[in-house]
C-alpha cells in the first residue's frame, strides 16, 4: 500500500524487520514460559518428574511390550497389553453383525454422514441446500442401513458396533433439530399456555437422567401403545434420544435466536412481514448459522450419550467391545476394551470438536 | 391545514409497567409534511414513532394512519405497516442477504412479486440512493453511511406513504452523516411525508415543516423551525437547544 | 518550546501482523500542553495513544514519558502507568464495585493506601467531577455521562502527570457530551498535560494548544487550532474538516 | 393367533439372548452368535422353517428380558434365565424345559483356605443386580444366621475384576459362569468354587404366556436334541439314520408317524434341528466342553442314563 | 365475523386452546392404553409394594438398611441418601477441580497449561460411561486391605475404599443449645459493631471455629473420634468410603470438571478486555487486576452454565449401578423393579425423585445467581 501524503511526501508502508531464530530466543522462551518465577520452576520440575516416571511405563505397557499379533490367548504376554482380540474383531466393532455382502452400504452410509461436516464448512453453498441435506440425511441413512426402496431390508438387530453408534448419533441429531426449533420458538412465544408447556417439558427432561428414559422406552413404553402395536427397540431408543437431545438443542437455538438483534425482527415486521415469515427468512437463517459450533458440540455430547444404550443390551461400539471380551478365549482382559473405546471416542470427538472450534472462530471473525 | 391528514394521534397514552412513557399525545400530520421530533434522552421519542406502525402497542387513545385505525386486528396492522416505511438507528439490514436481496425482501415475501420484477424495483431505488453498484455486496462489507442508505432504499421499496426515521444518523461516524442527510433531504423535497427523530438540528432547521419537542413522555411544544430555534416557547426546550448547540 | 518535555516520541513504528499501523511518529509534548489528535477512522489514533502507556507495545523507535523510556522492564512500565491516567471510550468502570471503590482501587492496590485515606482522596475528586453524591452507587446505575466522569475521577486519583483520553465522548448521548467536556475543560485550565483523541471540534478549537492530524498511521499535520481550522496545510485535513463540520 | 402362526407368517424368528456370556452367547469375529443358548434358538428356527438362518438375535439385559417377551419384541428368550415359580406365575411368561442345570455357587481364592460357605461370615460378596442370585445369596445367608456385605456390580467383567483385585472376598454366580470366569483368570487353579450349591438354577427358554402351540414347539425341540443324544443321532449321521429301522429313531426323525404335524410343523422338524446344530451332547462339547477353552464337565447336564438330569419325554 | 378471527387476542386464545386440547388428548390416550393393556396382561398397578420386605442388600448405605427387615420404601430412602451424598461431594469436587483446571490452563507456564489442556480434552471427549469403567478398573489396582496405603495411621486407602476417622457424636441437647445461642449472640453483636462486610465475615468464621474448638474441649464426652483399625477381613471403626463411591465421584467430577473448566475459562476470557486495560492503566499489577476485577466479574456469568453442569453431575449418579454404587436407579429402578416387576411405578418413582432433587438444586442455584447479579444492569 502506497498512500500519497497530501503534502506530497509519499507515506511508505514497511514490513516489520524480520527477527531470526537463535539460541538466545529459545533460552528466552524457556525462561519466560517455564521458569518465570521460583513457583513456576517448582511446578515445571514436578511435572517433568511425574511425566518422566509415568510415561515410559505406560508407553511400555501400551506399545513396546504389548502383543500385536498372534493366533490366540497363548501368545499374549502377561504384563502388557494384548491387542490380538482387537485385531481379530475389528470388523465386528465397525460393522457389527451386518451381513458381509452388504457392508458397502455401511461404508457409503459413513461417507454420506461424514459429508455433512464439510458441507457446514463451505459458505458458498446456500443455507437452503445445507438444511435440505441435513433433513434428507436420516432418510438416506435409513435406506442405506435399514433398507427399503431399492435395497434389501435388514433387520434392526443386524445393526451393531460403530454402525449402530453412527446410525443413532446422526439420525437423532438430524431429527431432533426440527423438534428443537419448535421447542425454542415455543419457549419464546408470547402465548402463555404454549410457553409454559414448552418450558415445563424442557425443564423436566433436563432434570431427569437419560437412562431412566431409556429404561422407560425399553420397559414400559409398549404398555402405553394400543394393544398389538409394537415398536422395535431401536426406534424406541432413537425416539428417546431425539426427544431428549432436542431439549438441549432448543436451549442452544433459543440463545442464538435471542442473540439475533431485536432490530432485525422489528425491521421485518415494519415491512409488513408476519411472525412465521420473519422467523423463517430473517431470524432462523442467522440463528442457525451462529449456532453451528454449539450444535456441533451438542452432537459430540449426543454421540457420547449413545453409549448408554449399552445398558439396555444394544451392542453399540462399547457394548460390542464388551461382548467380545466375554468370549471364553479372552475372558479376563479388563483394560484393553475400555482403552480401545476411549481411544476411538477421543479421536472422533476431538477432531469434531476442533472442527467446531474452527467454525466458531471463523464466525466470530466475520462478525467484526 | 387544508391538505389531507395522513397521521392522526388522539390522546395517545402508553405505559411500560408502571412507567408512563407517552402522555396524552395529540398530533396530526398532513400529507407531504416533514416532522422532526426532538427532546432529551428517554423522553419517549422512539416509543412514539414505534407506536405509529405498531411495533409497540399503545394503551389508550387512537392512532389513525392513512384512514386505518390501529386496533387488535392483524390484517389492519399489516396494512398500516405496508403504508409506512421505517429506518432505524442501527440500520437493521439483514446481514445474511445481499444488498439487493435486502431490498427485494418485502416485495417478494409480502407482496409476492416475482424475483425479476422485484430486482428491477430495488435497483431503481438503490440507484436513487447512489449505491447501485454495490448491490451484490453484503451489509457487513459496507460503511455505516452506505448501510443506512440501503436501509432507506429498502424502506422505500414498499412505496410507503409515510417514512419514519428513528435517529438515522446517530450511529454514524461524523463523516458519513452528511451522505445520509443528503438522501433524506431529497426525499423531503420530493414530497414524502416524513416523521424523523433526530438530533441533527441543521437538517431540522432547513427542512422540517414543524418541530415536535418532547419531554418526559409529553409533547410540550410544536412549532415551525423558525420559531423553535429563535425563541422556543418553553424554558425546557431552550435549555435543551443550548446544550445541543453548545459544542 | 521552553517548557519541560514530558512526552517524547521518536520515529515510533508499530505493526499488527503485516499491517503497518503507526509510521515514523515523531512528537514532543510539553508539560501543561493540551494536544488533540484527530483523523479519519482507522488512522491509528487509538493505537498511538495506547502505545503511550504501553497498553500496546510499539515495535520500533523510542517513547519516553516523564524521562522514563518504555522498554521490556516491567517496573518501568508500572511507573509510566502511574505517571499517566487514561480515560476510555467505553468508560471501563469495574461494574462489580461501587463508584467509590472504583476510585480507591488504584490507591489501595498500587500505593497501598489505607482505606479511610483512599476514600478521602477519592471523595475529593468525585466532588470535583460533581458526582460526590453518587459514591455508593454501582456504575450500571449511572448514566453514560456520569460514568465517564467517574472514569475521569478514577484516573485522576493516581495524580498522573499526563492524562490520555481516547474518544471520551463518542459513546455518549449528545446531552451528556457537554458535561464531560466541561470537566475536561476545567482540567485543561488547571494546567494538566492532556492528550485527547476526540472528534469534538468545539473543544479542540477552544482548548487545544496543538492539533495532531493523522492519516493511515502517519502524522501528517501538527498545527495550532487557529491555523488548523482556518487553513489546514494538507488537502486531506481540509476534506476531513469539511465533512465533519458540514452538518 | 398363536405365536407359532405369527412366526411362520413372518418368516423369521426373533430370539432374545445374552449380550456376552462365555459359552452361552458370544459373537465370533464375523459377528455371528455362538453358544449353548444360541444353538437352542437355531434349533427352533430349523425346526420351524427348516432353515437355521431364519433367525434374528436380539441382545437383552437382565432388566428388560422378560418385558421384551410380554411385549412381543422377541419370540423366545434363551438368555440363561432361571425357571422360577414367580416368573412363570406372575409376569405373563411361561417356562419351557430346562436346557442347562446350574446351581448358584461361590468362588473364593484358594489362599484364603476356605472350604465351605459357613466360613464366609462377614465377607464381602460380589453379585449382579436384578438376577435371582442377588436374592438367593440373601436368603441363604439369612437362613443360616450368617452376615455378609453385598457388592452389586452390573457387568460380569467388572465383577470378575473386582474379585481378582480382592475388592470382594467371594464372587457368587451360577457355577457355570464362575467356571468360565475362572478359566479367564491369570491363574485359574488359585481359585476354588465352593462345593455347596446355594440354589437350584434350571436355565432354559421362556416364551410368552398363552401361546401353547409355540411353547410346545420350543419345549419339544429342546427335548428332541436331548433325545437325539440318547439315540446316538448326530449331525453327521442323521441322514443315514433316516433309513434306520429303530422305531424310536424314525419316529423322532419323522420318517414314521405324525409328530411334527401335530405340533403344527413339518414332520421332519427334528431332523432339521439335528441337521442344523447336532444333538445336545455335540452342542455341549462344542460350546462348553472339550471343544471349547472352557472344558466343563457334563455333571448334572449329562443324560439321566449317565447320572445327569437330562431326561427327554418319550417321543411317542 | 371474519374480523373476529383476525383479532390478535382471539387468534392467540384459539391457537392455545387447540394446542392444549391436543396435549390433553394425547396424555389421556396413553393413560387409557396403559390401563387396558395392564388389565389384559393381568398386571396390577399400585404402590403397595413399597411396604413389602425388599429382601436384597444394598452395598453401601448411609442410613440404616437391613436386608432382613427393610421395605422397598426404605431401599428408596437409602438410594436417595446415597444419591444426595454423592451429589454433594461430587459437586464440591467438580467446582474445585474446574477452577483448578481453568487456572492451570490460563497459567503462563507452558507445561502446566499443556497438562491441563490434555487432561481436559481427554476427559470431555470420552463418554462418561467409559470413564466410570476405566476408573473402576483402576481402583481395583489399589493394594488389598492388608497392604493398604497408610495415611498417617489414621486413614487407610485400599481397594476396599478409603477408611477415615469419624467423629462420633454422643447426642446431648444442652451443649448444642448453649453453643447455638452463643453463636447467634455473637453474630448479632458483630452485625451491629463491625461495619466492613469482609472483615465481619472473617471475624465470624474465626469466632465460630474458636467456639467449636472450645466447645468440643469443654464438653469432650460429647464428641469422640473413632479411628479405623484392621480387624479380620476388613477395616472396622471409623468411616469407610467404598471404592465404588470414590471412583464414581472421581470419574464424574473429573468429567464434569473438564466441562466446568471450559465454562470458567470462557467467562474469564469473556470479561471485556477493557477491564484489564483499565486496571493496568492505573498501574496495578496484572495478577491483582485478575483477582480483584476479572475473576469476580467472571463469577457472575459462571453460575447459569455451572448449574446445568451440577444437574448433570446429579444425573450421573444413575450410572453408578454399572459399577455397583446403589443410588435410586440402583435400588428402586434396579433391584426393586426386578423383584416386584412393577416397572411403571418404579421408573416413575425414580424419575420423580431425580426431578425433585434437580429442581431443588436449580432453585438454590437460581437464588444464588440472583444474589450475585450486578446492580443496575
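Should a chain be cited, it is by its letter among A, B, C, D and E, assigned in written order, with residues numbered from 1 in that chain.
In this text, contacts are C-beta pairs under 8 Å (C-beta built on N, C-alpha and C of every residue); 3 or more make two chains touch, one makes a residue touch a chain.
Here's who's who by UniProt: A, E = General L-amino acid transport system permease protein; B, C = Amino acid ABC transporter ATP-binding protein (PAAT family).
Values in this document were obtained by computation on a predicted structure and should not be read as measured data.
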{"item": "Chains touching both subunit C and subunit E", "value": "A, B"}
{"item": "D-E compared against A-E, more contacting pairs", "value": "A-E"}
{"item": "Label of the chain whose CA centroid is most distant from the centroid of subunit B", "value": "D"}
{"item": "From subunit C, the most remote chain by mean C-alpha position", "value": "D"}
{"item": "By mean Cα position, the chain sitting nearest the middle", "value": "A"}
{"item": "Chain centre separation in whole Å, for subunit E relative to subunit B (CA means)", "value": "55"}
{"item": "Subunit A-subunit D separation of Cα centroids, rounded to whole Å", "value": "40"}
{"item": "Chain centre separation in whole Å, for subunit C relative to subunit B (CA means)", "value": "37"}
{"item": "Separation of subunit A from subunit C, taking each centre as the mean of its C-alpha atoms, in whole Å", "value": "49"}
{"item": "Touching two or more other chains - residue numbers and ranges from subunit A", "value": "215, 219-220, 222-223, 311, 334"}
{"item": "Overlap residues in subunit B, where contacts from two or more other chains coincide", "value": "74"}
{"item": "Shared interface positions of subunit E, touching two or more other chains", "value": "133, 137, 322, 337, 343"}
{"item": "Complete list of chain pairs which touch one another", "value": "A-B, A-C, A-D, A-E, B-C, B-E, C-E, D-E"}
{"item": "For the subunit A and subunit B complex, residues of the former touching the latter", "value": "127, 261, 263-264, 266-274, 277, 281-282, 285-286, 289, 366-367"}
{"item": "Interface residues, subunit A side, partner subunit D - complex", "value": "73, 78, 88-89, 91-92, 95-98, 100, 155, 157-158, 160-161, 215, 218-220, 222-223, 230, 232-233, 311-315, 319-320, 322-334, 337"}
{"item": "Partner subunit C, residues of subunit B touching it in the complex", "value": "40-41, 173-175, 177-178, 181, 199-200, 202-203, 240, 243-244, 246-247"}
{"item": "Subunit B - residues contacting subunit A, complex", "value": "50, 53, 55, 74, 78, 81-82, 84-86, 88, 90, 92-96, 105-106, 109-110, 140, 151, 154-155, 158"}
{"item": "Complex interface listing, subunit C residues touching subunit A", "value": "13, 15, 18, 20, 23, 59-60, 215-218, 220-221, 233-237"}
